[in-house]
Structures are given as structure tokens and as C-alpha cells.
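Here come two complexes built around chain A, the first alongside chain B, the second alongside chain C.
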Partner chain A sequence: MTAVIPGAIPIPRRAWKNTSLGRFFRNPRSVFGAGLLLIFVLMGLFAPVLTPYSPSSLEFDAFMPFSAAHPLGTTALGQDILAQFLYGARLTLLVGAVAGLLATFLSVAFGLAAAYFGGWVDEAINTLINVFLVLPGLPLIIVAAAFIRGGGVWPVIVVIGFTGWAFGARVLRSQALALRERDFIAAAAVSGEGPLRIIFVEMLPNMAGLIAANFFGAALYAVLSEAGLSFIGVGDVSLVTWGTMLYWAQAKGALLQGAWWWVALPGLSIALLGTSFALLNFAVDEISNPKLGGGRLKMPRRTQAAPIAAPVAGDALLSIKELSVGYLTPTGVVRAVREVSLDVQPGELLGLAGESGCGKSTLAFAATRLLDPPGAVLGGSVRLAQHDLLALSPEELRKVRWKEFSIVFQASMSVLNPVLKIREQVYDAMQAHGVTDKAKLDARARELFDLVGIQMQYLDAYPHQLSGGMKQRVVIAIALALEPKLIVMDEPTTALDVVVQRQILQEINAVRKRLGISIIFITHDLSLLVEMSDRVAIMYAGEVVELAPAHQLYAHPAHPYTQQLMNSFPPMTGPRTRRSGIPGKPPSLSAEIVGCPFFERCTKRMPGVCDVKPLQTFTVAENQTAACFLYDPTVPSEIKDSAIRSSQTPQPEVSREPAHTIN
Partner chain B sequence: MSYLLRKLGIFVFTLWVAATLNFILPRLVPGDPVSVMLAKYQGRLDPSAVDALKIAYGLNDLGSPVSQYFGYLGNLLRGDFGRSISLFPTPVIDVVMRALPYTLGLVGITTILSFLIGSGLGLYSGWRRGKAGADGVVPVALFLNSMPYFWFGLLLLYIFAFQLKWFPLSGALDPFPGDAYSASWWGSLLRHATLPVLTILVTSVGGWLITMRNNVISVASEDYLAFARAKGLSEGRIINRYVLRNALLPSFTAFGMSLGFVVGGSILTEIVFSYPGLGYYLFQSVTNLDYPLMQALFFFIALAVLVANLAVDLLNLILDPRIREGRA
Partner chain C sequence: MPPNSVPNTLEIVNLRKVFGSKAGGVVAVNDVSFSIARGEVLGLVGESGSGKSTIARLIAHLYSPTGGQIHLSGQPVPHKLGGAALRKFRRHVQMIFQDPYASLNPLHPVRYTLSRPLKIHGLAEKNIDAQIGSLLERVGLAPASTYINKRSFELSGGQRQRVGIARALAASPDLILADEPTSALDVSIRLDVMNLMLDLKDQEGLSMLFITHDLAGARYMSDRIAVLYAGTLVEIGPAIEVIDRPQHPYTQLLKSAAPKPDAGLVPEEIAARGEVPDLKTLPPGCPFEPRCPHAMSECKDGLPKMYGLGNGHTARCILHDPAIVAKRSAVGAGS
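After this line comes the complex of A and B, so read on.
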């Protein structure tokens, strides 16, 4: 296994870059927003240095043009516009910051209280939030401020703060509700921590990003509201803010006098200050919610597979050759699938097993070109019948999909669009591949539903009206619609109860045999696979470590990992014994793995061999291969024997020198 | 059904809160607004006229706060908002009814337009994420959204009405626009509405864009979208039936929520263009300390936003089968 990923981007190793703060400083939006804000803050702070005049002195002539003494001229009242502008930044920022803080504080208090206490408290707060959300804010502020006018800047701040909290409270409430469902909060509650401690120590830190984003949103709202209020003369127009500058400019007819900059400058600055708040809001949101970010990782180009020697070995339907798949993360490439080669014969049911995170789903997704960024195929080839799947253009791929191969997802509960009728979701797969006749569509849909055992009337139901098992059957029916040559089933029954699971599996098997379809069946349930499959492939840490016919694998598992896996299932017959799991955990896939990835957990490991030699696959018996040096003919048999012997006695856990990380 | 009842309940409750705020706010002022109001006339009116005014406003017999409150609610229900002070003796309700069509026309049409345009651009920006054009609109949208409505309106007014004289400086109609609903009348109405419409459109479109973009991005990572792609559906079909259909639902809800903000902005726009809608009169009433008019206008603005929200809720009911089943 080489450490070089062709075309992968070098990613800096310094740890702080991967913290939220590091990402904050690498995001162009947040840097620009923070820079803009900093400029305005400095302007306000250093106003006395930057201008010799007081913003409120009326000592100059009215409407003076630009000059060295007055770079921006003077107002109708004879104030220096530059001085007003610089000093105006102070109160404008103050209003934004304090009213933003006040609103955020209220949002957090209400949002968290509602989520934490639930019940009638939640009900009451939620109603209050809804009321404040739909009450038009500015008119309310105008009316409220009209009654408290002339009291300086603080009444304005208070009014804005008290009218601007509802939106944030709504967002924070739903986030906190989701958080409350999480295990660690429940654990804290059970262990007797008080509500205040849970809220402030357990929940708040997890919502920091959202709260920060919320603050910038509230500050934007506050600055705009203050400007609007000042502009119409409510609030205190004797103060100097950008909003009151606009008020006086308008009241004194600045535009009619041609002093357009008196209007343009404060307004533009409000807009830019608002933009900086909005950018910070957006960026913080993006950083704390990776779903919204992304799209900026550069995808490496797939290395061209070595020209496929001979037009596919044998008559395999699907041929995966040296497929490497990785996930690009800010910390480096996680190599989830490592040069895997696998064939599927026509009509064959190939089982793919391994523990969570071993790369089995990634393999299936990459091979069917469904992998989304940040996942990327790093090398290898996939050939289905006559198509080179990884080389097809999007339109060619679209045509091949579902007609040649279909896929049943792991999360079948959520693969149906909740707002479309089942009928449309059954039809559109067929319509996309040329079946457009209504009668034909209907007949086929009925046939399919009959096949998977669902009543016809559910064609006109919405997904949420179906049980989990029925949804799964619908998805399988859709997968069968065009009688593809291959169906990839990614843990299709994991979420279902055992009885339903059994029924569905039997139906799948019956249909497969009738139609001669090949199936790749992915699961972590090895005993299920042994029963159903023709052949089974065992995956570990991104590699196929053993491949054998199901009965062979069951009777004579070759790889120590397979053996230990088999050991963790109780046999159907024989005395009851204590089952053991496999101690330890798989190696990090972001690291380069020298030798066998199972080395640390293996009871039959051969130090000096397994952790040194590059991993290879060896033939164990006819049709059975294993990636294990116990079957390496070049390793002396005494080493193998002593390893097998010592596996009878318990061993302390070992670890080798940590392999250096890729990049 | 319970969904609808719930929404109706919130509608009534919120309206009640708005009415109650209207009642409480004037009473929070040190020195009651009645005397503030009358102080304005003190120099000009002789005491007998002041008494006559008090009687006319129903301010002479105040009674206990509780009975005042119920009397006030009763008047509201009867549509009796009292008489305007600045436009005395016009009943407040007449002023409101005169102004209402302009605001509904201006805000209603622009909001719907802006929602459609913004959501369209947001769909593009979210779906084509990662491409320069699609990502480039984001900062532009944030900037437009951060502009004070009234400031942008002032700039438009200065450039297109004052300097270039393409559009009128103020008002909703020419002084003599011709017969109502005639071609020249419509022309006059449109010419007057152009700049206010443009102001609201440009400053509010960015918000819808960002909302839709975020919704599209979160729909794009849903399992049903991966499944739709796996089925080999055409891009057009996926966008139409899987992305747009689903991303629009939360956008609609956000639409209702943000209406209050847009209405606030339109008030400032009306003020800048002296456009005789609710916002313009609200401004007038604030400057003239015309409390009865101010309260009625706030009430009606709140009512308009609430009705629009209810309409959005009804639309959601039609569009989202999960809500129909009472499961969302």
C-alpha cells in the first residue's frame, strides 16, 4: 500500500487550522466580514485622532464643499460631516452590539428554557415566540418608541432588543430540543446534575456556533432598526449615529442641495456594517453546520486505472478493479476503500460484510457513482456489462442507472420523497427510461406491488402513511421496476424487525432466482449472509480480507478476522458458551497502514511479518482467498505455528509504532 | 384540522396581543398621553374647546383601567377606532381604509414578486453550489439585504426622479389622473409605483435568495434526492419534483415569518416616496402625536401581516401532505 494519493491536495498539518477558529480564519467570508467590522470599530475608537472637530459643534458655515479642512464638507447646520461620520460609528456600533446582545440573551434564555423544561413551559414560550414572530417589528418599535421618545440611546436599544429576539429563540429552541434528545444530556440528567448545570455546562457549549451566528443576525437587525427609527425622527435625533445623520440630511434637503455624499456615506456604511454582520452570521453558521459549507474542497482527479487487461476476467457481470475511495476532510484524506477488486457473476448473490465503518457502503456507493463530495474515487475501475461506469458521461450514466443496475439504500425510511405520492415515485423511475404509456405504467406498478406483497391502494398514499416494512417493500419494488441486471442492497432490512426482515429477504431471494438478477447484499449480519449468499466478501478497514463461497466461509473461515467474527455469533446447536466480541478497534483510515490492518487485534499475529510486509492476497483453497500472511508460502511455517499456538493463550494488547498520517 | 385550529388560535391570540399592546403602551408613558395630546392644543384652543374635544374623543370619562380596557376592546370589535387628531374630525377608520389599498397593492405585489425572483435565484445558487456564479451571488444578496430600505429609496429618488426626472417625486397619483381606472389613471399609478416597487424589490430579494439557497442545500443532502439520482431521473425532473417541491415548503414558512420585516421596510419606503399607504400615515401620526390614528394603523398593519401568515399556513396545508395528516 503506497502512501501517495495521486492528485490529492496537500493539507497543512498544523492542528489549530482544524479548529473552528482555524476554519473561521480560512473562510473568505468570515475574514472579509471581520475585517470590515474591525475597520468600523477602529474608526469609532480613533475618531478623536482622525478628526480635530467635535461632531456636534455648529461652528462652520452650512453646506461647505470638500476642502482640506473639511474633507467631506459640512452639514446644513454647519457640522463637519467627517467628524459626524467617524463619531457616528460609535453609537451605531453600540446599538448593534448591545441590542444584539440583549436580543441574543433573550433568545438563548427563552429557547433553552422551552427546550429544557418542555411541557407547558415550552408550549407557553413557543406561543410567545410565534406571537412576536408575526407581529411586525418595525411598526411596533415605532409605536413603542413614539411613547418613550427623547430619552437618549438606551430606550431605543431596549425596545429593539425586546422586539428582536423571537427569530433566534425559535432557531435555538429547535436546536436545543435536538440536543436534549442526545445521550450525553440524558446521561447528565440521570446522574443527578441540576437543570442550571445541564443548561450551562452541557448544552450551551454545544450551541456556541449557533448562538454566535444568532448574535450577528440580531446585530444586523438592530442596526437597521435603529437607522429606520432615527430616520423617521423617532428615537433621539440629538444623538450622532449614522441613522440620525440620514435624518438630518433628509430633513435639511441634502439631496436637493446637491450634497449627495451626506446621504450616501452613512447609508452605505450602514449597509456595509450590516453586510459584515451578515457575512459573519453566514460564516459562523457554515462552520458550525458543515452541511451548508463544503463545495470548496478540491476534488482530486481519479487516476486512470491501468488499462484493463483483457476484456474483463471471465464473464463477470460487475468487475471492480483496484478501486480506491477516499473522503476529503480538512484534516486529510480518509481512505475508506483501499484498492479493492471484486467480481460479481450473473445471477449471483454476493454478500459483503464487515463492521461499521469498514467501507462496505462506501464501496457500493462509489461503484455505482452515487458518492457525494467530500467522497471521491481516487483510482481503479468499475465495469458493468459493457459499460465503464466510472468513465460514463452524466447523461450516459443517467440512462444506464436503474435500467442496468438499481440500488436499495440503507436508510430506506427516508429515501421516499415525503411530499410526493408513492405512485409518482414508482412511475418516474420507469418514465425516465422510456416507459410513458399510462396503462403500461399502471399495469407494471400493480405487478410490482403484487410481487413484494403490498396492496394496490398504497400507490396513492404518501410515504408517511406507510410502515417501515412497507416503505422498504416499495423501495424494493421500485428497484425491480426495470428488471435490472444488478441490484445493490445496502443493509436493506437493518431497521426492520426480525419477522418482517425474514419475509422480505425470502421475497428478494425468490425474485432473484426467478429473474436471474445479481445482487450485492451489504450487511454487518454475517450469519444472515452465510445463509443467503452464494459468495461472501469480508471487509476490514477498507480492504477485502477474505472472499469465499458462503458454505466454505462458514465451515473453514481462513482469515483470523473472519474466524473471530464467526466466533461472535452463537451457533444454532451445541452447548451454550460465552461469546466474545473482538477487542480493540480498527485502525484510523486517515493513516497509512503498513502491513495488515488487523494486526493489533489479531490473536495470530506474527510480529516482524504482518506489521512489516505489504499486504497481499493469497489463495487458501479453491475459490477462497484471504489477505493474511498465514497463507503466505514465503513465511516460514515455524513462525506461523508459533503464532497459532500462542493464540490459544490470552495476549496483552500490543500496538506498533503509529504510522505517520498521509499528508 | 387540529393544525388549522391551532393556527387560527394563534391568529386570534396574536391579534389580541397587538390590541393589548396598543392599549398598554400609551399608559406606560409618564404623564398620560391624553394630556400630552391636549398640551399640543393648549395654546391654540380655549378651555371650552378642549372640553369639547375630550368629550368627542371619549377621554373625559376614563373610569377604571379594567373598564377602559373592555370598553376599548368593544370599540375595536365594532370597528370604532375614534377620530383622528391631526385630520380632525375624520374617523380613524376612514383614513385607514383610504390608505389600505395602496399598501396592499404595493407591498403585496412586490413581496410576491420578490419572493419568486429571490427563490428562483436561491434555487440556482444552492443547486449549482461551488460554481463561481452561484457562490458569487451570496455576498451580493447579503449586501442588498443589509441596505436600509429608506436609504436605497432616497438614492433612487435622487437619481431617477430628481436628476433624470423619469419618475414623479412623490405621491401615488397625479393631481388630476383622469377618470378612475382609465388608461391615463393606470399609467399615473404605475409611474408613481415604479420606484417604491423597485426599492422594496431590490432590498428584499436577497433575503429570499439566502433562505432558498440554504433550503436547497439541505434538501440536496437528503436520502430521497440520492435515490432520485440513482433512479436516473432527468435533472429537470429532479429539480422540479424533488428539490423545488421540498425546498419551497420551509421557504413558505419563512415567507410568513419575514412578512413583518418586509412590511416594516415598506413603511419606510412609503415615507421616502410620500406614498399614501399605511406606513406613510403611521409616520404622519407619529410626527403629529396622533395617538388614535397611530394605534389603529399599528393594529391594521398587524392584522394584514397576520392574515397573510394565515394564508401561508393554508397554502402549506395544501402543499404538504404531512401537515394534512396532522403529523408535522
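After this line comes the complex of A and C, so read on.
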């Protein structure tokens, strides 16, 4: 029994707060950074209102203490410190903004040109970038600034801009290179777009976040460089900036005279302005790259399932009961798996088929405790032999994993560590479970390699020396290492070519029969699955819609989805006739689904029944169940007959466009 | 080709592409020749690394060939094209990409994506929205007003691929290069996208290069099928012939390995013999020789020629060489 109440999870609409701007204003970093910056900008703008004095007038006495006329006293040269500080914000910000813009402009221009044109242009620009990166920044600026000493603020800006672009250019170049490989760039070229338009209309807007982040980084660099330059007296010290304030305070012994605030105020402000730019840099980066911002959603606790009873009659190896799994997104919960119950018998190969987004991988991940946030188990239970898998502590889980069950993924080739020899990686799982004897490890590794059909010499190879098929075999060997009772295989051969796929499937099947292990085999390729499974479960929109022995499913598919799906594979023999796929698309899993989730696309739908009654599973034949009201004994047979008849007339039009996609 | 008939839409002769430097280069496409007639779909089948996508990109002028000729409607296409000439060429050859999630710029709405080819090639009329609308309706996205302002993330995979097809159709090309246009789509929507392309071929006489690794899909879509192995064309012929009676051992292997939805529940056992070779270390003779169950010493004597088997069906395998056939039957009789 589970306590998942349909509709209990609020599903807010996509609102402005999910736009980039909305996220900017909800991000504490960006709000704090922008707030600080705003204060400094206002200070600079309203300097003439906030102080009656000119920052450069020398009309007062030196080192005057705090007073109503001079709230922060005066400098050694008789200037008002408050006026200096307020007006100093102007030039400091100007340097930061303009030099930051200049550096960003150069970064973008060089980075994009290098990435787009490639070849010798790329090499030349890259060399230039490297030269600028290797040259120590500040000394370079000092040398450059020494030539233009005393020329006002613009030379300082130009020098900083021209020395600060290289890092950004490198970052933008690699981003642009990645973009350039994207198909939409090739598509634009095939359409006949010229290079300028491809760069500025196709590539540049996709880099906006990175460019903005880059600007704040460059502005930070510019402000600090200006302060550094002025402090050591290389800039134009007749200007009023926070940097020159520091210079004069230092030169005139402010601290010795007790006027510590003359130093502290500009120093602290530079640090705060730098903080503000750094925060904005991080925030923009985080917002434009949502992957960096995850992990702050609240995980709901799993609703308590009934206590796991002792293994029941039938003795399934794995028993999944009413498992519900969801993904928590800012827009609500996507209910990817909806109260699914499924058993796997010892030695059985259970095929789990369905299209993308049907929940088949989510189901496997949740059942094996591999689901990462934002995914969460919302209810149900999973029992493997005597273990309640969902209730195990991480330590208990570690003991059970690999020994009782193991997992092989689609991209598991990338699971192999490129710098370790295959041998060490095969040993790893066994060593973690207490096998340490070298001779035993070696013997077991050889045995495993023999099982999956790899030559022994590859034990001492590195992963890059193996083909994709070989790597996948190694991963399967590792999964077999501790003789688990169950292996979950999530599209283990999808990334491989057909011939290699076939070879590996043959090996998987042979190993399974020899060792008597159970396998859950997940794939979208139904035609493959019926060839190799004992039983097949078909998933659609988070539900198991049909479950039957493979031969039964192949010969007599019961659910209209299964029937239509089987008909969607073009045949390899016989005359060529037009077939049709399944128009439409699955419903949104973030909405509540009333009745059958396949209703919209079903050729045998019964309006008034299928879209009204809560979905139920019915027994169709021995060992075959389907979640379809055609098999509901309480539905009058004339309604069923007319639905089946209408499916034999030409395809009905899909009248309603299904619910919006999940974004 | 008989004289005075309509020239083939595409004719490639000994097309060659070597990546990397000339000394350590990798021959991705090894002297491939084929043609596509007007209104014909040629299926190009092969595994990853066989060079099928490279061929499409060579024809689309996204890469420039190392050698060989490309003729478009009888006109030779120079290896180096640029500026206005390239733009003019693009009008005639368009491409549909594999992954509709990657081939549409996420920032642009459908209207922008479809307006560009019309504008670039000077085909835009005053009421460009009506033109875009009829394009969308031609690819089954009706009513057009539902889709014209959407951006790609608001569309499903099948709808995106239809937008990709509409973009390829916009310039009214003679030839469409479809690079695995359905392999990123769900099974249930693949057929409808294939049917759409077949309809376009039937109704508008488009020529198509249909690249796929799925034999059943190639059989469904194509008039003729060409099979590539390690950059080399190994078999070409009428689609039904090639799939139902494959004549090259590699095509036979591909067929036996493919999942057969209609062949019952007994999978065919295949002889496990290695994987696609590294293009850098190809054997001197037939590239398939190391894996071939029929391999013999003569296979190493250089690349076999294409042997005609009648009905436009040819295969690059010396098993079809009359001398070898005679020799083998003599050995067979003797033993």
C-alpha cells in the first residue's frame, strides 16, 4: 500500500521567475552583487549632490579630523576625503566598465574568429593567446603604462583592455568550437548562410551568458589592475580614483598620522567592487548554465510503504511494488514512473521496452538506488531476495550492490577509467568485497574474460586501446565479477553497431543460461527484445501497459500501443507496403492523466470509457496482462466491438493536439 | 545512361576523402561511385565509421573532396566553391540532419529558421508568412499558425524533424541528403517521417540520398541500396534485391545481425568475427577479408572490382569472379 495521492503534488505554471531574468533576481549571489554595484554607481552619479567640494581642490588644512563640514576629514594635501571617495568611484567604475568591455570585445572577436575559421587563423590566434597568458600581467601593464605616463585615464583603460583579453578569448574559443560542431551550424551553412551571419546570428547569441560572465570577470581584472597601477604610481596619479587615493595615502603616511580611513575606505571599496563583479560573474555563469545550479530542490520523503513481508510464494527474485518515481523541477513534479509493480523470477530475462521518456530507465535507476536528484522515489517498495532495497542504509547498499545485483549502462564504456589498466578495473569490485588474493583475482578475471569473449591479452591494455564493443564486454565482465543474482542492463548495446550488438547479445544470453542469473534488459528496440526475452513489459507514460511472455506478446499483442508499436517497424521481408507509425506524442508527465495515457493516439479508443475511468490492469490470457479497457469485463462488448471496427477503417485523425511538451 | 535522357540528379565518380596529412592520413571515403536518378531514393547503408556521413558532407560541400568528381544534373561541381557560386550550389542540394535536437538553433523560432533559405536564395515573396505556412503544411505541421512562432524546445522530436525537412525543402532543391533522419526519433514516429519523405519524392520528384544503419528502414525507403564498408562501396543494387538476396558477405552479415521484427522469435546465430577495422590499418586487399567467412588467399591481392550480377546489382567480391567460381567448384568436386 502506498500513500501517493494523485494530484497531491502542486504543479505551478511556468512563470516569469523561471526566465533567465527571474532566476537572476532570485539568485542571492546576483542580487547581492548587483546591489553592491548599484550603490557604487549611485555614489558616483550623485557625487555632486552628496558633497559640495571638488575632489581636487586643495583649499583645506591637512589632516583635518571628522567634522560636520568634512565628515571624513581631509588629506595630507588638504582635499576633502569624502569628495575624493565619491568622485573616485566615477573613474574607478569607468575604468572597470570600459576596460572590461574592451577586453570582452577583443576576447569575443579573437575567440570566435579562431573557432570559426580554424586552420592557420586559429593557430595564429592561439599562439597570441598563449603569449599573452604566459606574460605576467601586472609587469606587462607596468611596462606599457610607463610609456604613456600622465596621459589621463584613457591610456590606462586601453592598456588594461589590451592586456586582459587573453583568458576570456581562450574560454570563448573553446565554447565556440563546441558550438561550431553542432548540427545547426552545419544546417545554416547548407542553407547558404555566409560566415558573418553564422557567427553573429547563429553562434554569438548562444554564447551570451558566457560573454556576460566574461565581461564581469574582465571588469574585475580592470578595477584591480587600475588600483595596482595607481598604487605603485605608474598610472596618472593626478586623476582621482580609489587607486590614486591609496597611492597618496601611502605616500603621505596616512597611517602614521592616524588617518587610517584614508586608506581603509578606498581599499575596502575596491575589494567590495571586486566582490560584486565576481559575484555577478558567478551568477551569470550559473544562470546561463543551469547544470551548475542544481541540488537545491527539496527532496520529498518517500511515503512509507507497507513493511516488507517475508518472501512470498512464487519467490520472485526482484519484486517491485507500486513504485512511483518523480523528477522535481522548478515547474513541478514530473511523474516519470507511476505505481509500477513488476516481478523478476530467478534466471529470467525480463525485457523492458518503451520509447524515450516512458520511464523505463527511471524505473531501473530507482529500483537499484541509482537515482540522483532531482529524481526521487515518491512511493512503493523494491525487494531483492531478502533485502528491502529502498530502505537499505548507504553502507548496507554498498555491500549488496555488485554482490547481489549489478548494472550495465548504455554509456558504460565511459565508466572505464582511462588511466587504469583493464585488469585493475576488473579487480576493483572484487577487492572492494574482500577478495585480495592476487592469484584468485587473476584466475577470476580470466574466467570472466572467457565468459564474455575477450582475449586475455586485453587484461593489460588501457581502455583507449579497446573498441567500443570490447569496452562494453569489459563492463559486462565487471558486472558479472561477484556472481550477482540480477543484472540490470540499460540499453547496453544501443551505442554499438548491429553486428557487434548481435555478438554481445549472444554472449549475454549464453552467460545468463550458464550462470542462471536474472537480467532486466531495457531497450527501445522491441523487435530485438522479443527475440531474446522470456517476458516483455511494455511501458508507456510511466505505466507498464502490457506484460506477457515474449512469444505471446509477439504472436498476440494485446494492448493497442503494443500492436501499433510492432507495426511501426518496417519489415525485412515480403512486399513493400506503406505502414503508418503512431501519430501524436505521449502526454505530459507533469500533468495529471485521467484514464488511459494512450487514449489520444489509440486507434481503438473508447471515448467515455478510456478517458474517464481510472487506469486498471486486466488479465488477457495466462501470464498476460494489459492496462487496456478492451479487456475490462465490465465494459459492454458492443462498445469494444465498435472501437475495434473503427480501427479497421482508415486511420482516424488525431483530433486533439496532445498536451504541451515538458520543457 | 542512354543519350538524350534526363541526366541523373547526382553522379559521383571515384569520390575520395582523406582526413589528416597525406602521409598519415585516414581514407574515409575510398573512390566511391554511384548515381541517383531524378525521383529516386538511394539508400546508403553502413556501420559507424563506414564513411556514409562523410559522403553526404562531401556532396553538400561541407567538406571538400580529396579526389573524384561530383556532377549535379549533368554539371560538374568544382572541388573549391565559394561566395555566390557556393550559394547557388546550395539551392540545389539540401540536407536533413540526424538529430533534430541539435540541428535547430534553440534561439530561433520556426519562422526565422524557414525564412532564411527563402531569403538567401531570393525566393521570398511579399507574404513570406504564407510561404512558410505552406511549407509547414507540406511537412504535415498544420495548422501552420500553431507552429510558426514556436522555438525548437517547444516542439517534440518528430515535429522538429519535420521543421528540419521543411528547411531542406524551402529552397526547392533537386537533391536532398538525409543523414540518418530517423535514428534519433522514437520508433512510433519514425515511419511517419519516412512516409513524409516518400510522399515528397512521389509528389515532387525529389531525388534523395537516404543514409541509415537500419536495413529494414533502408528497404522501406529506397529504390536502390548501396552498402559501404570501411569507406569502400561493397554492394549496390535494387533495394529488394540487395536486402532479400545480399551478394556481398558483409551485407549478408549485416542482414543476419539486424533485428528482424517479422522473422519469428529465433534469432539467427552469427559467426563472431571481429569488428569494423581501424581505417588506419586496413588490409591491402578486400577490407572485409579479415572478418569474412569466405576469405581466401586471393582476397589479399588487391581491392576486388565490382562484379555485375544483372539487373543493376553489383558486388565487390571475388566470389562472383567466374575464374574463382570455377576454381572453387573444381576444389569442391575434388574433395
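Everything that follows uses one rule, which is that the second predicted complex is superposed on the first by the 620 of 663 C-alpha atoms of A that agree within 3 Å, B and C clash if a C-alpha of one lies under 4 Å from a C-alpha of the other, contacts with A are read in each partner's own complex, and residues count from 1 in each chain.
Please note the rule applied: a residue touches a chain if its C-beta (ideal position, glycine included) is under 8 Å from a C-beta of that chain, and two chains touch if they have at least 3 such contacts.
Worth saying up front: this structure is predicted, and the values here are computed from it rather than measured.
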item: Overlay on chain A: chain C relative to chain B, clash or fit; value: fit
item: Which of chain B and chain C A:Pro583 touches, first, second, both or neither; value: second
item: Partner chain in contact with A:Met566 - chain B first, chain C second, else both or neither; value: second
item: Contacts of A:Ala69 with chain B and chain C, given as first, second, both or neither; value: neither
item: Contacts of A:Ala178 with chain B and chain C, given as first, second, both or neither; value: neither
item: Partner, of chain C and chain B, that touches more residues belonging to chain A; value: B
item: First, second, both or neither for A:Ala443, with chain B first and chain C second; value: neither
item: Chain B versus chain C as contact partner of A:Asn206, first or second or both or neither; value: second
item: Vertex chain A angle, Cα centres of chain C and chain B, expressed to the nearest 10 degrees; value: 110
item: Closest Cα approach, chain C to chain B, once both complexes are overlaid on chain A (Å); value: 14
item: Residues of chain A at both interfaces, chain B in one complex, chain C in the other; value: none
item: Chain B-touching residues of chain A, taken from the complex the two chains share; value: 29, 32, 127, 130-131, 133-144, 146-148, 167, 220, 224-225, 227-228, 231-234, 246, 250, 255-256, 260, 263-264, 267, 270-275, 277-279, 282, 291-292, 294-296, 368, 370, 372, 397-403, 406-407, 409, 411, 414-420, 424, 428-429, 432-433, 462, 464-465, 475, 478
item: Residue numbers on chain B that touch chain A, as the complex places them; value: 10, 13-14, 17-18, 21-22, 25-26, 28-29, 33, 129-130, 135, 138-139, 142-143, 145-152, 154-155, 157-158, 162, 210, 214, 217-218, 221-224, 226-234, 237, 241-242, 245-246, 249, 256-257, 259-261, 263-265, 267-268, 271, 279, 282-283, 286-287, 289, 294-295, 297-298, 301-302, 305-306, 309, 319-322, 325, 327
item: Complex contact set, residues of chain C against chain A; value: 47-48, 57, 60, 62, 86-87, 90-91, 93-95, 97-99, 102-107, 116-117, 120-121, 146, 153-158, 164, 167, 170-171, 186-195, 198, 213, 215-217, 219-220, 240, 243-244, 253-267, 269-270, 272, 275-276
item: Complex contact set, residues of chain A against chain C; value: 182-184, 186-194, 202, 205-206, 355-356, 453, 467, 469-470, 497-503, 505-506, 524-528, 530-532, 550-551, 554, 564-566, 568-574, 576, 578-583, 585, 601, 657, 660-661, 663
